[in-house]
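For clarity, chains are labelled A, B, C, D and E in written order, and residue numbers in each chain start from 1.
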Amino acid sequence: MRFKKNRLALVGMFIVGLLLLMAVLAPVVAPYKFDLQDLLSTSQKPSLKHLFGTDNLGRDIFSRIVYGSRISLFVGFVAAAIGTLVGGALGSIAGYYGDKIDTIIMRAIDIMMAIPAMVLAIAICAALGPGLLNTMIAVGISTVPRYARVVRGAVLTVKEQEFIEASRACGGNDFHIILKHITPNCLAPIIVQASLGVADAILAAASMSFIGLGIQPPVPEWGAMLSAGRGYIRDNPHMVLFPGLAIMMTIYGLNLLGDGLRDALDPKLKR
Amino acid sequence: MSRYILKRIFHMIPVMFGVSLIIFTLMFFIPGDPARQILGDKATEASISELRAELGLDKPFVVQYVNYIEGVLTGDFGISYTTKQPVSAELFARFPTTLLFAIISILVACIIGIPLGIISATRQYSFIDNISTTLTLLGMSIPSFWLGLMLMLLFSLHLGWFPATGFYGPKYWVLPSVTIGVTSAAFITRMTRSSMLEVIRQDYIRTARSKGQTEFKIITKHALKNAMIPVVTTIGLIFGASLGGQIITEQVFSIPGLGKLMIDAISQRNYPVVEGGVLLIAFSFTVINLLVDLIYAYIDPRIKSQFVIEKKKKESTALKGM
Amino acid sequence: SNVANDENTADATNVSKKATRDTIVVALPKEPPTLDPHNEQSTVARTVEKVVYDRLVERTNGEIKPMLAKSWEILDDLTIRFHLRDDVYFHNGEKMTAEDVRYTIERAESMPASAYFFSSFDGKGTKVVDEYTIDIKLHNAFAPALNYLASSRGNIVCKKAVEEMGADAYGRAPIGTGPLKFSKWVSGDRIELVQNEAYWGNQTAYKKLVFRTIIDASSRAVELETGGIDISLDISPEDMGRLSENPDTRIVEGPGYAMNYFMINSLNFDTLADVKVREALAMALNTKQIVDAVFKGTARASDSVYPNTVDGYTQIGPMEYNPEKAKKMLVEAGWDFDTVLDIASASDEKALMDICEIAQNMWAEIGVKSKITSYETATLMDQQIAGKTLLSIAPDNPATGDPDHAVMSWYQAGLGLQDSQPIWDLIKEGRATYDKTARAAVYAKLQKLLWDSHGTIPVADLNVLYGTRSDIENMDVDPGKIPNLAYITISQQ
Amino acid sequence: MNLLEIKGLKIHYITDSGVVRAVNGIDLEINRGETLGLVGETGAGKTTTALGIMCQVPDPPGKVVEGEIFFEGSNLLEKNAREIRKIRGSKISMIFQDPMTALNPVVTIGDQICEVIRLHQKTSHAESIKIACEMLELVGIPAERINEYPHQFSGGMKQRVVIAIALACKPSLLIADEPTTALDVTIQAQVLQMMDKLKKELGTSMLMITHDLGVVAEICDRVAIMYAGEIVEYGTLEAIFNNTAHPYTKGLFGSIPSLVLDVERLSPIDGLMPDPTQLPTGCSFAPRCNEKMSECEERKPELFQVSPGHFSKCIHHKNEMHKESRGC
Amino acid sequence: MSALLEVKNLKKYFKTPRGMLHAVDDVSFDLNSGKTLGVVGESGCGKSTLGRVLINLLEATDGEIFFEGNNVIGMKKKQIKDLRQYMQIIFQDPYSSLDPRMSVSEIIAEPLRIYEVCKSNDELKKRVQELMKIVGLTERLANAYPHELDGGRRQRIGIARALALNPKFIVCDEPVSALDVSIQAQILNLMQDLQKERGLTYLFITHNLSVVKHISDDIMVMYLGNMVEKCNTKALFKRNFHPYTKALLSAIPIPQIGIEKRRILLEGEISSPINPKPGCRFASRCIYAKERCNSEQPVLREILADHFVACHYVESINIL
């Protein structure tokens, strides 16, 4: 049974690994350049020449998806990283020190939670201007409260464990305890949350593209491809199908991986 | 209990202040001139600055903020720059729709998600469980506008079962609610499953079994209520988030909700609407949170007893005094 | 007000139509903010206003025809006298008189949102001669006056109603003299108009007109196919083929006033100060190909600085497409091929984005590097007006069809040009020339001058596209995208 | 006829890392009204045996591989789920180890007691509440607390509620799985005494699972010592305590610090319980046994009757008997 | 001989939402070097808190603790850190007291690393191996993780960690309660051996009276934060005076048959330590309680030589 679960996680790992490989080897894998237009063969159906067909500007969709994996994964990972670092720091400070600091930080988190994430992201994006970096920042910041809560919860449970007290009895100071005991023991939920967060960030970035606040063209981001192609969904479904599938595959893979990690990193389940 | 609620409402004040300050600051520093948005790109500089003065946009940040807060405290959320209507009227014209939409879609999500989660948990690793896990993950990874359009094509255009856009009656509710419901149901299924798995391993389930209770009753009477707390949290979060407007689904199905209003307001630099809207959403979000906490208390007497501690203490001191 | 609150379900049948064909449902791509003609900026609002209000005159197929004014005469360069109909009532029962017209002109000139447009009209000077006669005064000789009065800024508002209700409330429950009167507004969703039975002119062929806001283009197309709406005022080229093949729907298409072009700011930036460089950039664009790829035959490659539907148009281009020559010209002009051109675009307009992307590619072919930055409309507008954009894509829709309106954007700072005095002189002359042929000559000169300045790179002149159900007839193919929906009839198949 | 008779019961847990032979062929019997103590270290298979009797071994991973459990003459393992449910709670009840978690935190204790009554007795709602109140009073909790929730009770009171549930239908067999381990000594004394009293009043037989020999000495009539899934020694209280036969049982006694005698150093059993997935081929206690012989590691010893009703599973006994018989 | 540890009027209160929780209330005692003081009492009576306060894991609310003559209370952080080398603790739960993500050798090395006792990694490794050998862990386990081990071995790790810095005083907070009897006996023997070899001083907390009797020289009985009786172990088991001690001793099931048991059953449960009422805290469960017990808190009195009891009516109850 465990094997079965792990097999799913392996599938997830395989998918994510494949995507990462694709991103790294994009120039080798992609048959065309991502911005190579051929205005004479626009909106072509999939064929041997164009595996996934072409888009409305005659660009090879397969190549764009391959190159797009660089951007989408990058956005996902960086946004999740921003969320994890900022949220993780806030959450662990709140959880570890407790009391007033906790109250203040958690109130701030409440405030952030109360502002709808999408509105926050859009406002941040509007303020900073669209673009890769800003999208990542916007999505990243809007996920901070989630991470902060998870991390705080994890820190609170770890903090109550006797080994923390044992370490203090051995002369360990706060710094030592946070570094050597709290962090490693909170890593599991954070990693899990982050792996799921990457998926969320990719979807959020796609939604931003839908409103026109995504990545700058002609950079091929999957969400942007998806929303740019939505006008063609009727006559040229391949223009949305493939980027849509790419997003779904990625998120599916990351979720499987996240679930697998959750089990793998749970010391209770460890043998 | 009511004391507790009062206390919670009291706690909402700083949160609302924080929200207003953040959104006001964001709006203040966002590029793009509302006056220019109102008057168009060909308007003269003179009329632009005249309008800026009229809207009070030429004042320093602090003054603007203080004015705004003063207004809010007296129930005046300002006038929408574009429609010239009171912001409160604008918001309350949209809020019922958003609320209705949120309620229906969360219902759809619960109706799908909770039973599926329970079945998955009680038959862990079975065929059904695997299918539901796969569906769940798919549900979480489908971009909503994609799903929305697909549903619309199939059920409105080809089958003609449901109208494509609008939100005028039960028939209209189906497609958008399912669109949102599928994703939310995925989260609820997941949460229900894991929470249920946790609960059915507990000793009191074993106790119930040793009483000779049937499996069905064990699940419904003993396990479900205990498993509900994290599920309710999830439902509360999803519900709270959807009160902020399901921007994309609203757009696809042309539903006059808050989300669309907010996005338009941001892009038109319609500050009063953005600020008022965010305050309203934040307020409803915190109210939902409070409700969720009250539901906790209803579900779990341990939590309830935390609420009434103070009351009890008072009573006991009173008794002692007699 | 009845605008804010509404029980949605009760109206379900009205909106979902088809009970009888008494109701026509029209999809708008955006919601009008207000229906006060002097207090808004949107095309969608004007479509609604067009049937709620009447104007003094009406422009159809480039001709000015009487409407509320039975006749008019140009007394001198600065005065036009209108003789009004005496049988016109506002929806509130007030009789329409010359005072309402005077009030409208004065208001149009003073309200900030319409002021720039009516700046040549002298509201204070305008005099009521008698109850049904009025002398409209101008600050300066202004040939476009009638075209402007025929536009929605010339919608005659009810003085009493505006003053009683206040401008803000009036905008949400307008009172006009048009064939349809306002009945209710469900914020974010729809505006309903009903037949004005006391209308002075022809009655509409239907009893009720509902405007629904459907933002998403695909959803609009689907709604049209399912029959949920009768008319979609904005059809994207992608949906055109399907809608024209479908026996239940049809596409109504015609030439329009709208155009897309690149604005170049050579005043604030030295990069493109050399006219030769600008010409080379224009020459490197295969506009025909761009138009075909982006608009799928629903637009034509620009061959002047404004479309052929606008008065006084003369064909100059299209610009020769010759990348080799363009490259040579660049080399001759000493172009630094390491320079990266910043192209500013609006993020929410897919067609504009596509044009930028193709242009970027075409310029890359002659070795010119560029980078696209898409801004939100609000930010882009700020940038353009502040003169901070070097090269930006811009849409324009001079909905009056008057050349003066069409060249108005050359005033904008986004379009900075050195030595622009001759241009201003010609624009002034064009305004002051009442005679049609003389005026055309002025604009022929102006078009040539503008074209040769290469201050813009004209790309596409867009057709207007409306989608309707097949039984909708007499759809007004207004080039300005503001069709008069009162003309519609319904065929009884 | 014995109330309960277990013959050759084997229960295995089939896990990824191997088959845990938790119960490895045990024979037991409990007479009416008698208390049998089941003693052993952690992981010896005590709880698994109890779950086996309740037909409640978690499946998967657990499996009853072999054996018969006769209760009032019929084999429980051959009954279907419905028949088993009828017996559970009414004829056989079980008290679980940890009172803190054995009660459903969101259901009032009244409901939890009534549940079992309503399941097995055709009573009205009001009647069942009445019985529940009586049960509560019986275990020493004021009946007016019937509508309170478990968290409002202390550990000892919770355990009494659990006992009330278990005894509500006056079962003929009560299985108590370490009912007092989680309690304080003084509370433990209260609970034990109460259980003993109730058992006598109701004439219930009891299987008392514990690892505390003190508790055994106090309330059991007979004792079974369990080690690595097997019963290594079995007999009356006196036989086990005064006539200890098996080296493991001896080791257990040597491990307990005495309250009565002064011992300078304890003499514990060396080593640890064997890995339940890889039990030794011979005597499972052999690796830790200080009387071990080479034979012990090769051959599984059989149960040997040391004296009437006193059995022990050690090769030594056999050898001793051989010696004796040769001597004769 | 001066005491290694001298505790005077030690108090530890916790602030809780329901009020002040008197976990340790006015406890005083001396502990001589090389001796073991057993602390017994019911769950929640403040045993662990006392232990933690003694080694400064918790800050005392009031009172004085002299360790080798120096007052520990009010020391600076640096001094406390120095002091901790000499005072260690072994926890009850061998599961949660070991960081699941550290290997056995890492856990044992942690205090050595913090105090930078060893100059090189080799030395550290050697020291860790030495410690493992002392507590009877095979070298093979150095790289194992706690979850791979059973409770007895885990508890040995905890002991090795406590021994790493060569402490003089160790608080043993129920170190054997979670273990099986046979393992418990192994650990008890180990601890006794260590004490003999190294002259360690133990504060041995437990609620198992037979264990405490076996290992301690002196016993202190606590009830709801108060010390109710303290004396030499042998003396206590021969003669005890406080009603609670009597009940406690009589409640222990003795694994011997044929012994006559005179059981004193206590009514009711231990009451809440939050804002305790004035008077004797045991009064509500005490069969001898009189009015005075409810109003006046009894002080600890030396009834016999070196035998302290806190009860108003010791004399009358015990016919002294």
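Here, a residue touches a chain if its C-beta (ideal position, glycine included) is under 8 Å from a C-beta of that chain, and two chains touch if they have at least 3 such contacts.
What you are looking at is a predicted structure, and each value in this text was computed from that prediction instead of being measured.
A.B. asks: Hey, what chains does chain A share as contacts with chain C?
C.D. replies: B
A.B. asks: Need the most distant chain from chain E, centre defined as the mean of C-alpha atoms.
C.D. replies: It is C whose centre lies farthest from that of chain E.
A.B. asks: With contacts counted as defined, which of the two, A-B or A-E, has more C-beta pairs across the interface?
C.D. replies: Contact tally favours A-B.
A.B. asks: How far is the middle of chain B from the middle of chain D, if each middle is the mean of its Cα atoms, in Å?
C.D. replies: 52
A.B. asks: How many Å are there between the centre of chain B and the centre of chain C, using C-alpha atoms for each centre?
C.D. replies: It comes to 39 Å between the two C-alpha centres.
A.B. asks: Going by the touch rule set out above, which residues of chain B reach two or more other chains?
C.D. replies: Answer for chain B, listing residues that touch two or more other chains: 31-32, 149, 153, 251, 267.
A.B. asks: Give me the residues of chain A that touch two or more other chains.
C.D. replies: 1, 126, 129, 211, 230, 233-234, 271
A.B. asks: Can you tell me which positions in chain C touch chain B when the two form their complex?
C.D. replies: 1, 3-6, 8-9, 11-12, 15-16, 33-34, 39-41, 112-113, 115-117, 167-168, 171-172, 186-189, 212-216, 218-219, 222-223, 225-226, 228, 348, 376-379, 381-382, 384-385, 408-409, 411-412
A.B. asks: Looking at the complex, which residues from chain C come into contact with chain A?
C.D. replies: 217-218, 221, 236, 238-239, 241-242, 286, 289-290, 292-294, 347-348, 350, 353-354, 356-358, 360-361, 371-376, 378-379
A.B. asks: List the residues on chain A that touch chain B in their complex, please.
C.D. replies: Touching chain B from chain A are residues 1, 4-5, 8, 107-108, 110-119, 122-124, 126-127, 129, 199, 203, 206-207, 210-211, 223, 226-227, 230, 233-234, 240, 244, 247-248, 250-252, 255-256.
A.B. asks: Show which residues of chain A lie in contact with chain C when the two form their complex.
C.D. replies: 35, 37, 39, 42, 56-58, 126, 129-131, 211-213, 216-218, 228, 230-235
A.B. asks: Using the touch definition from the top, list the residues of chain B that touch chain D in their complex.
C.D. replies: Chain B residues touching chain D: 202-204, 206-214, 221-222, 225-226, 299-302, 305.
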